[in-house]
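Reviewing the structure listed below.
So that you can tell them apart, the chains are marked A, B, C and D in the order they are listed, and the count of residues begins at 1 in each.
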């Protein structure tokens, strides 16, 4: 962090420009939970440590798997909610059950992954899963599994004000604009360095970048690649980057011609100059992808390399596939991600070189989703988070690539792959599980299911007065007790 | 050459202390190269009422504006304006502000147009006294009331609180006079202050003006195009024609035969040549049977015209008088079929079942033709269904009937005079072979000379073509000049309908009597001529 | 007369500039130095230089060529929308003034409603239904854009129709068509034309804003608005990407407004901006 | 027409406008491609590949699978009891989102118009009284240039200069008066030019009118006549314009709200339509339309009551 030497100001408050605005009345099953977590309000039983890459205690001091499907969590004793009420098993069970009962349940914490939650005694919470699930502690680290004081659950929805356990207590909100927080004097994990802060909802990336540059914000999250060069040139701002679990992908429709042909898919991969793409459109703020996983992930195959551009070979493959093009293929670029228009333009140009004609069509994701899910498309540019809410790719591998996967945009189906994923699902040993993931990834790469373009990076801009900021690629923790600011 | 005899009052020795004098010497106004007023000279002393007469567009208004230093920016004035020997034309704007209103004030033609519609009469008066600002109102209230009472506006307190649009025309003109008198000026320049009033109001205002002028001893420059109206009140008359002062003399002398031709023209136009009204007995051509009109929603409010029955004979000239708002136009529109009667009916079919063709000639000559179209196009509206050749012929014929050259057809309305346009309007009406022409104030926008010409034309057409005429006017002179029978409207009601001579001698209704009396104010003119 | 007026309008600086812009835009494929879509990732985000007179964008495409080609789209959408609204507005305005009664009442209410609903919201509704694109853009803007013309036509037509001279024409037997042809249309045409010029300028900016918001023209097509949107993130490094299309919109819109103003002057009016709708005073 | 009738007609018009516009908004999800329920879920959870059961359950909760007219009828029924319904995304009352947003927009549009009025009165009076001279020519050129400026190009440039380069003003947000400067400036540009022209021509007309001449003849100085007679009259056309512009700005400032991260009405409606949160969009549009009709109506009424010519219904022809 930038200013290690200067003394922290205990009266300082930080301003965090967040890319997300709460829209669901703080429902914990929604993404609003992220905002509360970033704000240092909402805490969970467990916590995923990004550097150690493992699950650690937070509100629970320990947990054990008493049977295949039953887990007991031992709660921390000296914790109190910010409103002064006791933090106990009943409150935890109530919080978790509230999320489980939601009409639109969370991705990591829902009735399909958790059967029931109950208080065994004052300090023990018992979680039962429908099937063996070695990932339960990961799920408990998801922000959706956060715990609020019973008083937070009102008839009008959730009221987070002073109802968390974290280092900061939300005190007021300006609708659509910001959430103001004050230091929690009685934080269970010791002294909180900042007097408070403000989470500003700024959905325009360029504006976030500008705000950290002008000093209006101390920390700006998710800086868009286009603003990177400017921020890096500014010595008042330091730019933090981390591999994000997002890969921009050119999805190919494996279920219909022409991309049901593996040769053509391989040709597509070979035609594209990923490094150039990463350097231009992504301004160097993304790495050319080697396969379905980012190289920094423990389950990535380190032997995979960035596919080399090989126009000659690609042309041969196109020929080998026997594909005769009678009309241009469509590349759908979704409007939600601005850069895809440019990416599409580049792909269109480079496909031309191997004799594939393609048109870029830009549409909103919502408008094309039904067609894409029904398999009525050629190619779509989209981007996926592999570790949705939990630091493990199992959900992604299953939903996106198994024959029955709920989000199998590529309409890919391979029995060998499905088997590997099935094994990984119940594997308790993390190393073995990672190995299974790697093998599954290899199959996807070999089959050239999609063209994985670039691994995006999470980029945060941090002002020079900020101390103790640790970047979290999953954007959960920003305002921690150790975050500080100099005068 | 006429200047020789006029020097007697210009060169008269100045009475330094007492008599104030407003004098203009070689006053010219030009617009670029064009001279609109050339080398006018004259003077006005306090206690004197000088009438300035001349045809429309002769430069009368420019003269007053030049004196006041209020010419529009695009016009340039030259020459001297002297107030007690002080050069007004050389005064700065600031100093001029002290003169305007305080020493010289003005009366205008249309009082409602020149008063701020959002300000009360009181505010106008206060402003004229130079008393704007908070708190001044109360302090000056007695003077405000006194002024209003002086011009005969009662109850003064109530009137002071009204806005211009809440006053009648006569009241507004009186209020205007009060405003002009507010700062106790030495001179008043009155620019046709009575031309928009009906004859009764006109007579009242004229008398009031004359009285105030004499009481207060102010000098009044009275502008008009109507010689008849000033012969009893003016001390002297100045005649303007085409931007030049062509004649001036004491009022009495104006009627002598050897005056300037332009003066003669004006005088003649004003003289009501008494002609013998015809009594027609042919059957009804157009008949109103208990026809009434109510413009208000579902006829809830007051009727604009109460049930009226009247019959128009072929070749008859019916004069219709009444004050503003008395329902004259409404009646005309009913007759012309431009409006449907609320009750009763208008019978247009008499002898033989063919409908009587009725045409209306409007008041404003300039607005009855589309300013953007050549006259020919506008005229062709009446004959556009005919083949081109035939239409052309018909138009030429109509033009000769109204005594205009065909070349005029190629002009635009802006290039014609008011009198010409009114003739063109008549020509257009003639294209439809009308049997009845309704002239709704068709001459009141014209100066007296043009007015006279049009009336003569109409009467000539009546004689030649057997047209029936309905002449609507608030001007009794016009009615007397043209009509066989007179119909008097009063508050929406036909109160009197009788042959002209009967009407002049033995009118019954009070309003009719007033009208005849107002006529008498100018009647002596006949004798003088 | 008419000839002199026309030459006073056409022999003016704004008219020449516009003509030049139009020629250059139509001839864009012939005269633009590069293929507007040709990428050169190595040459991205250059400032103006001898090779690329207006620099390059984020994909290394030549800004000048793109501005020239983008103009085709921007100008043609604006033109079509203007013509559409001119036609619809004139017809509806005339109908409303000539027919009066309930038709006029409905006309006024619809106008009030459209005036109250923000243009972008209406555009958004239509785009949400039809998806973005050329036709949608014309439609979504055209739906509202006719109202000022219609109001102007209606009020002017009503004004003529209530004049003494039209009443006089009617009274001597002129047909409806005669009145429309000789009195109404000549009176209405000039101001409407002037207003159309103004509308064109305003619509150019409005359509650009749709593209800027990403709901207008969609890549790979591009117009000045979408170029602005693409350039904005790079504004600090390469403001030329922002300035060039911005200036193009401004220039055309400005010139066309001046032209409209000139027409107004020639017609004896004061300022073309005066023709924009004011709150209708329902008398 | 009497003031009462005007009010009545306005009220009826307002009712129709509200019904029509809310129905138009309401139709959007039924006729646009894509599943609106998934769209709602996506707004709650990024990348939510919600399964069919969840979609069903969610739709059930808000009755989204009922026939179209049933849904609209339900909305209407609630609406007439003063309830704008619940947002399909947050589940909270629509009013809670719409009212703060309209507050923001009212203050934004209000300040912009106020600024525009002040500036344009100044410019308009100067240019009318100096007609044909250089100040007039300069001002006229400026007014014609202002409407041609694409605000979406100008705003980023201004942010670049005032916020980034010189650090004089905040780059975005809506909290301090300083943060209002740039948005208000941008929003005021176009009204300034239209207002200035209106003031100019109004003042010119007033200058030519006879009652001003009469006032001068009464002895008022140039400035007095200007202040007491010309300007008040010259501003009449301005007031009628302000209403229209106010109405237009209420929801029309999407661009400015996006660029400056202002949580106003334009933005709210924009997002709500994009996310298929129809109750919010409906509520927003209804409030905007109501405000707009009210504002123009009130101005119309004031105009009627204050202008004697309009009041007594001067007959034309």
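Worth a mention:
Everything that follows uses one rule, which is that a residue touches a chain if its C-beta (ideal position, glycine included) is under 8 Å from a C-beta of that chain, and two chains touch if they have at least 3 such contacts.
Everything quoted here is computed from the prediction, not taken from an experiment.
Measuring from the average of all protein CA coordinates, the nearest chain centre is that of D. Here A-C and A-D are compared, and the pair linked by more C-beta contacts is A-D. Comparing mean CA positions across the assembly, the chain most remote from chain B is A. Computed from the mean C-alpha positions, the centre of chain A lies at a distance of 45 Å from the centre of chain C. The distance from the centre of chain A to the centre of chain D, with each centre set as the mean of the Cα atoms, comes to 39 Å.
Computed centre separation for the pair chain B/chain D is 50 angstrom, with centres defined by C-alpha atoms. Measuring from the averaged C-alpha position of chain A to that of chain B gives a distance of 88 Å. Residue positions 32-33, 164, 258, 274 of chain D each touch two or more of the other chains. Multi-chain contact residues, meaning those touching two or more other chains, occur in chain A at positions 364, 367.
Shared contact sites, meaning residues of chain C that touch two or more other chains, fall at 131, 163-164, 167, 229, 232, 236.
Pairs of chains in mutual contact: A-C, A-D, B-C, B-D, C-D. Residues 1, 6, 9, 13, 16-17, 20-21, 24-25, 27-28, 31-33, 140, 143-145, 147-154, 156-157, 160, 164, 193-194, 197-198, 200-201, 204, 237, 240-241, 243-244, 247-248, 250-252, 254-255, 258, 266, 269-270, 273-274, 285, 288-289, 292-293, 296, 299-300, 303-304, 310, 313, 316-317 of chain D are the ones touching chain C in the complex.
Residue ranges of chain D in contact with chain B, taken from their complex: 208-211, 213-222, 224, 228-229, 232-233, 306-309, 312.
The part of chain C that touches chain B in the complex is made up of residues 163-175, 178-179, 182-183, 186-187. For chain C in complex with chain D, the touching residues are 109, 112-113, 115-121, 124-125, 128-131, 159, 162-164, 167, 198, 201-202, 205, 208-209, 212-213, 224-225, 228-229, 232, 235-236, 239, 242-243, 245-246, 249-254, 257-258, 261, 270-271, 273-274, 276-283.
On the side of chain C, the complex with chain A involves touching residues 37, 39, 41, 44, 58-60, 131-132, 214, 218-220, 229-230, 232-234, 236-237.
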